[in-house]
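One structure follows; several queries about it will come next.
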Amino acid sequence: MLIFSEYLGLRIDGRRANELRKITCKTNVIDYTDGSAYFEQGNTKILVGILGPREAKQRSASQTTQVTLNVEFLVSPFSSVERKKRSKYDRRSVEIATSIKQTFEHVIIGQLFPRSQIDIFIHLLQQDGGVLEACINATCLALIDAGIPMTDYVCAINAGYVDDSPMLDLNMVEEASFDTPNITIAVLIRSGKICLLQLESTLAVDLLAPVLELAKTGCKYIHSVLDSTIKESTQSMINSVTL
Amino acid sequence: MELNANNQKFVNESLKKGFRVDGRGIYDLRNLKIDLGNQYGSVEVQLGETRVHAKTSIELARPLPDRPSEGIFIISVDFSGPGSLQQGEKVSGPASGVAAGSDAEGRAAAQEVAISRLLEKILKSTRVVDVESLCISVGEQVWRLRVDVHFLDYGGNYLDAGIIAAVSSLSHFRRPEVLKVGETTTIYSVEERAPVPLSINNIPACLTFAYFENELLVLDPSYLEEKFMSGSISIAINSNSELCCISKAGGIAIEPDTVNLCIVVAIEKAKFLIDAIRSALK
Amino acid sequence: MTSKQDLFVVPGMEIDLGLITGIKDENSQTENSEESAVILGPGLFEKNSKILSFAAGNIATNFKDTIWVNYNKKRYIPEVSESIIGTVVARTAEGYKVDIGSAQPANLNGLSFENATKRNRPNLSVGTIVYAKVVLSNKYIEPEIECFNRNTGKADGYGELEDGFVIKASLGYCFKLFKGTALILELLGNHIAYELAVGLNGFVWVKAGSPETTILVANAIKNAEHLSESDCALMVKQLVSFL
Amino acid sequence: MSSESGPISKGIVTTGSLITRDGVFMKGHGTFVENGEIYASITGTVERINKLVSVTSLRQRYSGEIGDIVVGRISRVGLKRWLVNVNGRQDARRKSASDELQMRKFFKEGDVVFAEVQSVFVDGALSLHTRSLDYGKLRNGVVCYVSPALVVRSRSHLISLHCGVDVVLGVNGCIHIGKHRVFSHLQVDSDNDEAYLKDEQSSLESNTKAGNSSTLPNNDYSDIYSDVNDDIDISTRTNISRVHNCIVILDRLFIRLNSTSINTAYEQSLQYFVPELLKQDVANEIAESRDNKNSAMTFKLLVNSVAYGILSRTDDLSAQRYTIE
C-alpha cells in the first residue's frame, strides 16, 4: 500500500504526487579539482569531481579531434542499507558510467579541446532511489562549475505510476516496488529535447505521454534549483574578487 | 574497412533525400529468416547480414533463498569469435570519431555490455517466462532455465536480432513433464512422456531506430548506418501492444514527438515481427 | 593465359614443372631440355625441392617462366604496381598512414602527389580515401604507396577521391572488375553515367549523379559478383526500371 | 550604438542562456551560436567590446595568452623539447635544439620553471621561452596552486616581502614562494660580456642559429640551472610556510592576489603560529582584522557571507569538509 492515505493522496514519505524531494547542492567543494559539486536529492547524496580538460594520457585518446570523456562511478560501501563493497567495474556501475558519458558527450562542446580528456569522478555516498538521475544533475553542476563549455543544462528525473496515478521523483521504496512502472528521463532545458530515456517495466502506450510531461516540469524545477546555486556561487566569487 | 569520411557523407546525403544505402525504405526491416534447429530450443535467426543463434537448456536446482516459490531464469550473451563487435573497428577517422587502437576496442566492449544488459532487461521486464511455473516444489526443487544467445555475424542492430532469437528459442523449447501427486513428484524423461512447452506469457519484439542530424530516422540500422548514426533508441513492445522497455542512452538529443513517432511505428512493426515468430514456430 | 582445361589445385597438391613445358609444347613445339629458372607466383611455394600449392584455385602460367595460382581471397597482400583504394588513418610527420586492408597500414609520403612541393602539399584529413599505387611491398617493412605516376609525374587518376561511395568486394571479383571485362559495367553504363575506381585490395569506389543512382550502381555491382551474365542483364533491367 | 542593436543580457549568465538574438554581434570566448542566436556556453559575466560578445568565467582552467608569465614544473624531457605542466589545457612545450643529454643540464624533470608564453598552438598548448633575466629555474621554496582568476596580469610578478621571502605569481595559478634570490652577483659578472649574458639566458636554439656552437655555461654560472637547494635557516623556512598558508587562505576566500593583499594578510597572521593559520576560526580572524582602509577589502562581510570549511593541511578529507550551510 504505497499511497499513505487514500483521500489525502500522500505518498509513503509524505510527499504529494508531483512533489520532489528536497534538493540541496553546492559547488566548489573539493580543492584540487577543476570543478566539483555536492548534490543531495532526498537521501541520495552524490559527490562529483571534474579534472580537465587536460593533456590526454592514453595514447589513443591523444589522436582524436574531440575531447575524450572518461567517467568513473564509485559506490561507497556504506551507501545503502546493507554494507556491500562494490567494485567500479560491476555491471550496474559500468552501465551508469556509460550512460552518463554518452549523455554528456554531445552536450559538451568537444571540438574546442582536441587531444585532451576530461575525467569525471562520481562518488555515490548514499542511495535512496533515483541514482542515475541524481548523478546526471550532479555532473551537470560540476561541469558548469569547472567552466567547461556546454550547450545547455542537462537535468534528469525519474517518474512513474504508483497505484496508477503519475508520481514524480520516486525514492528507493517506490522504485523497487513490484507493479510501479518507472521512467528515467534527462532533458536539455532550453530546447526541451530528450537526452536520455529509460523505461524498464511494462506500461500502456497512452500512459507514457502524461508521465513524460510531468517529468519535464520536474526537470524545469530542478533546473531552477541548479541555476540559482550556480548564480549564487558565481556572484559570491565576483564579489570577493572585485572587492 | 568502409568507415571513411566519404561513406559517412554519402549515408547522410542519401538519407536527407530519403534513400537508404541498401535500398530499403525508411521504416523497412531487413528480411528475417528464422530456422529451427533439430533440438528443441535451438534457433538461428538471420536479420539481413546479422546472424544470431540462441539455445535454451534446463536443469534442476534449489531455489534462491529469498524467492523459494520461483524458478531461476538466466540469460547469457556471448560475442566471441566472428560475432564480436571489435571486427573492423580498427579504422579510425572523423566518421566514428574514434581513434584506432585500444579506444575502439574499449568503445566496442562497452557496446557489448550495453547490448547484453538491454537484452536481459527486456526479457526480464516483459516477464516472457512465468517464473512461478518453473517451480516444482517450493523451497526444494525448481527448474533453472538458461538461454544462451551467441552473436555470430555483425551486420548491424544485434539487439533486435538477439531478442527474436531468444524469444523464438524459448517458445520452441520443450521441458520434461512433471507430475506432482501429493508429496511425490515424478519427473518423466523425454522418452517416457512427450516434453512440455514452457508457459510463455507473451512474446515481446524489440525495434531499434537509428537517428541522424536533424531528426532523420531509420528503422533497423544496417552495419554502415549503425557506425555513422548520431544515436539510437530501442523500443520493446509485447504481444498485447504494451510498452515494455525503452532505452535511449546517449547520442544527440531528440524531440519528444520523435519519440512518440518511433513508438507508433514500433507498435506497427512489432505486430509483424511477432506474427513472423509465431508462424515460424508452427 | 590459362590453358584449355583449367587445372584446379588444392592446398598441399604437388605441381610438377612439366606443366609449364607441357603447355608450352602444345603451342611452341620446341624441346626445352635444360633446367630453366622458374618464377613461382602467388599460391605456390617450394618445399625440399618439391613445388606445392598453398591455395585452392586454377593454375596459370605465362608460358615462359612463371607459374601461379589464381585464387580468391579477402585479405589483401600488397603487390608492387597494384592500384588500391585506402583510407587515411593517421597523419605522421612526413605524410600519412593509410589503411589498405593489409596486415599493416601503408605509408603515403606527403610529397608523393602530382606537383607537390615542400611548401604546398595536399592536406588530407583523417578518414579521407585515396586511390594510390603500391610502390614498395615486402614481408618485413610497412608497404609504401604513391598517388602519382612516377615516370609521367601526372596524377592520372590517383590522389584523393571526393564524395562517392566505397563498397567492399572479394579480391578475385575486384581483379575481374579492374580488367574491365565484367559485363555488369557495360550494362550499367548504357543507362547511367557513373565514375568508377577499382582497388585491387577489395574496394570499389562509385560516384554517379545523384545518391539514388550511386546506390543503384553500387548494389548492382555488389550483387553481380555471383550472377551469370543473363541474370546480370535481367537484374539491371529491373533496377533501371525503378529510376 | 546599443540603441538600434537588439536587447543583450548583462551581468551573470549561466550555461545555455540566450545572450542576444541580434545578428550584428560576433561571438567571442565562452559563447556559441545556434541558428543565428548567441548563447552562453559557460557561466560568467557578459563582456561586450563594441561588436564582440564574450563571457568571462572565474572558474576556468588556465588557457594561456602570449606574454603571460607562468610558473610550471617540467614533466618530461625528450623529442627536442621540455614538456612543462602549467595546469593548463595542454602541457606547455619549450623547444630546444640540442639533444636530450645536454638538455638535462639545463632543466630536468621536476624542476620548477618560471617562463613567458611565446605562442599558443591551435590545440591550446603553449610554447614558452626564458629569454630574460629573471626567468629560469626557481629553487629554495615551495609551490602552491590557486585558481588562475585570482592572479592579475600585471607587470611585476615578482614580489619580495620584507621578511626575506620572494613570491612569484604565475598567471596560470602556480605560485612559487621561496627564499629571496640575490641577483647582485649575476649583474656584476655578466655585464662586461653582453654576448655571454645573451647566450646563457636566452634559449638554446636562438644560440645555435647565431652560428656559434652552443657553449655550455661554465660552472660558476651553473647555479642559474643548478637544482641544488641551498640550506635555509629556520626563520626563513617559517616565513616561507607562513606566506604559503596566507596565500592558501586568500585563495580559499577567493581574494585577488597582489602585493597589497599578500602583505596585509602576512602582517595579520603574525600573531598566530604557522600551523594554526589553517584553522577555520583563525582564518576568519585574519580576514576580519584585515579590514583596514587602504586595501578597501571588507573581509568581515565577505567571510560571514561565505563560510568555507577550510581543509587543515595535515589530515585527510575530514568530515567537516562537507558541512553545508
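Each chain gets a letter, A, B, C and D, in the order it is written, and its residues are counted from 1.
Keep in mind that, in the parts below, a contact is a pair of C-beta atoms (placed from the backbone, for glycine too) under 8 Å apart; a residue touches a chain by one contact, two chains touch by 3 or more.
Which chain is which protein? Per UniProt: A = Ribosomal RNA-processing protein 41; C = Ribosomal RNA-processing protein 40.
All of these numbers come straight from a predicted model, not from anything done at the bench.
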Reported most central chain by Cα centroids is A
Of A-D and B-C, whichever chain pair has more C-beta contact pairs: A-D
Rounded Å distance, subunit B centre to subunit D centre (Cα mean): 55
In whole angstrom, the CA-centroid distance of subunit A from subunit D equals 34
Between subunit C and subunit D, what distance separates the C-alpha centroids? Give it in angstrom. 60
Using the average of all C-alpha atoms in each chain as its centre, how far is it in Å between subunit B and subunit C? 39
Mind pulling the subunit D residues that touch 2 or more other chains? none
Multi-chain contacts in subunit C, i.e. residues touching at least two other chains, fall at 90, 126
Can you pull out the residues of subunit A that are in contact with at least two other chains? 63, 65, 188
Could you list, by residue number, the parts of subunit C that touch subunit B in their complex? 87-90, 99, 101, 125-129, 161-168, 202-203, 205, 210-212, 214-216, 218-219
Residues of subunit B defined as touching subunit A within the complex: 92, 94, 97-104, 110, 113-114, 117, 121, 125-127, 230-231, 233, 238, 241-256, 259-260, 263, 267
For a test of understanding, state which residues of subunit A touch subunit D in their complex under the given definition. 24, 26, 28-29, 31-32, 34-35, 38, 47, 52-55, 109, 113-116, 144-153, 188-190, 227, 230-231, 234-241, 243
Using the touch rule from the top, collect the residues of subunit D that touch subunit A in their complex. 12, 14-18, 30, 32, 34, 39, 41-45, 57-61, 88-91, 122-124, 145, 149-150, 253-256, 296-298, 302, 305-306, 311, 321-322, 324
The answer for subunit B against subunit C in the complex is residues 1-10, 13-14, 17, 19-23, 90-95, 100
